[in-house]
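Step one of this worksheet: look at the structure below.
Labels for the chains are A, B, C, D, E, F and G, by order of writing; each one numbers its residues from 1.
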């Protein structure tokens, strides 16, 4: 460092820097930055504060410039594509020219802003919110709540007297069915970055008095498609998802549905649609009531009708079955009568048959008896006749045999006698007893007959012994031969 | 008729038997035959009268029928 | 009629049986047949009167119908 | 006829026996033969008369038949 | 009416059965048939009176309708 | 009304069934039919009173509409 | 109104179902219809009634505010 100092005027310095800068940065550069504050002027120019943040701390900051003509063109194109206005806090990709102006200093002159980059950034935020809610497991919490049978007490988060709110009121109030809703408005800003805090704040309030309400509506009236990206905000979406009452949204059109709408119990495009939905819910309660009334009326009457018919049928059955019962018994009696008639006649017939049969048998038997007795008699008579004849014949034969045998005998006897006589004549000559006696023999007689087998003697008999000269009578004392024989035996 | 058919018939049968077995002598024969004839007559008459009676009764029975 | 059909019939049956088996003598025959005839008559009369009675009752029954 | 057929027949039989056994003497023989002839006659007459009687009775019986 | 239809009918049936199986004698027959006739009459009268009763009740029921 | 329609109707049905199946005697018939008639009357009255009640309520409901 | 309209609505629906399916007896009918009418009234009133008070809510909010 020299002792002699060179002194420049500010202008010299500024000019020098200006020259240096213009030489150095001759072309335009694409710069990624966040608009901290847009600083839109009444003349239509913007002097946005551009910052670069690391861990929420600003580590670089520069001034930007958008000339009114440029801004008109850029912002229109941006809103058309991103569906959001260029606003504070946005991260943008912009084409800048680095300028140094001696009077205004260093600034980045914004020539163009790439809307597609912003679109991507918004999409990224939406995706991240979804991812976080999913990860935390609260994405569907609000939808899991039970929708009240009658969504009657309603907390509304909306901008006071906005067109959408008025539309909603006109649909729900003074309905022709006399449905009565209770509405309480909780005013909030529903557009842009401020909407997040505003809505979350009101939700917190409502939660304190949630027992007075059935559901919460978030109604954004007007504003078209622009400014809805706040509804992708994590804090807002989480507040909605975890709210203890069902939340319904009617925040307008969006080609890409926001996360808040996704996690809400139900989302409608317009407030009118929400109103219609609530009326429908009342209808859904009311219609069954009417049906029940009708049903009870008709069914009760028809039930009674059926019971009447049942009774009538029962009367018919009773009448019919009683008649049948009596007819059956009458028939049974008639059968018994017929049976008695038939059987009695048959029985008498049988008795007649028995008696007649006996009569016949008697007749027959008697005749048989007489006949058999006659036979007996005849037989006896025959035997008698035969017996007589036989007996006489027999006697005759006997007589004849006797006569014959006598005749024969006599003849034989006579013949024998003749022979005898002849023998005697012969023997007399030979053995003339007188001659025999002369020779000393004797003849012994008993009872005048010669002793023979036919004229035997026994002890004690008197026998006559003739000799030539004498006749001796002697008594038999002993039979020696017989005695000898006896002794032998 | 007092004569008993049964007794008459039995006597008759006995006579027939005596004759058959030859137990009868010629001396008795004609007497016995006379008796038998008389018994036969008795039996026949009894049978006849009985038959008539019975037929009469049976006829009356038949008429009733 | 006091006579009992059953007893009459049974006696009749017995007589008929005796006659059938020839267990009866000629002397009894006409008496038995006479008895049988009288029993038969009793039975028949009893049957007739019963038949009349029954027919009368049955006729009345039929008329009531 | 008083003569008894049976006794006559028996006497006759005895005479025949006596002759058979030769117990009879020649002196008695003609007497016995005479007696036998007389007995035979008696028997024959008795038989004939009995036969006639019986036939008569039987004839009568047959006629009655 | 105090008479019991059921008992009367059962007695009637028994009589019919007795007559059918021939378990009844001629002596009893007319008495039994008489009894049967009287039972039949009782049953008929009971049936008739029951029928009248029932018809009257049913008619009243029908009138109320 | 204390009488129970359901019980009355069931008893009625049972009586009709008993009569139909012939489980009942002639002696019981008129009593049963009488009972049935009384049950029918009870049922009818119950039905009528119920109908009136219901109609009244329904009418009131209709008026409120 | 103390009755919970939700419970009333459900009970009503149940009654309707019972009546519709005919599961209801005559004895219960008028009671059930009466009950249904009263439930209907409760529910209908709920549709048009106002129950909440803004001031009360504001007061509750203000306490914590």
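The rule we apply is simple: a residue touches a chain if its C-beta (ideal position, glycine included) is under 8 Å from a C-beta of that chain, and two chains touch if they have at least 3 such contacts.
Values in this document were obtained by computation on a predicted structure and should not be read as measured data.
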Contact-pair count is greater, between A-B and C-E, for A-B
Chain separated most widely from chain B, comparing mean CA positions: G
Could the interface between the copies chain B and chain D be described as same, meaning over half of its residue numbers are common to both, or is it different? different
Chain whose mean Cα position lies farthest from chain D: G
In whole angstrom, the CA-centroid distance of chain C from chain D equals 67
Between chain E and chain F, tell me the centre distance in angstrom, where each centre is the average of that chain's C-alpha atoms. 33
Whole-Å gap separating chain F and chain G, where each centre is the average of the chain's CA atoms: 34
Chain B to chain F, mean C-alpha position gap in Å, rounds to 99
Could you tell me which residues belong to chain G and also touch two or more other chains? 26, 29, 33, 37, 40, 44
Multi-chain contact sites of chain A, meaning residues that touch two or more partners: 293, 296, 300, 304, 307, 315, 318, 322, 326, 329, 337, 340, 344, 348, 351, 359, 362, 366, 370, 373, 381, 384, 388, 392, 395
Complete list of chain pairs which touch one another: A-B, A-C, A-D, A-E, A-F, A-G, B-C, B-D, C-E, E-F, F-G
Could you list, by residue number, the parts of chain B that touch chain A in their complex? 9, 12-13, 15-16, 19-20, 22, 24, 26, 29, 33, 36, 40, 43-44, 47, 50-51, 54, 58, 61-62, 65
Chain F partner contacts - residues on chain E that touch it in the complex: 4-6, 9, 43, 46-47, 50, 53-54, 57-58, 60-61, 64
For chain A, which residues are in contact with chain F within the complex? 293, 296-297, 300-301, 304, 307-308, 310-311, 314-315, 317-318, 321-322, 324-326, 328-329
Residues of chain A touching chain E in their complex? 312, 315, 318-319, 322, 326, 329-330, 332-333, 336-337, 339-340, 343-344, 347-348, 350-351
Considering only the defined contacts, which chain A positions touch chain D in the complex? 381, 384-385, 388, 392, 395-396, 398-399, 402-403, 405-406, 409-410, 413, 416-417, 454
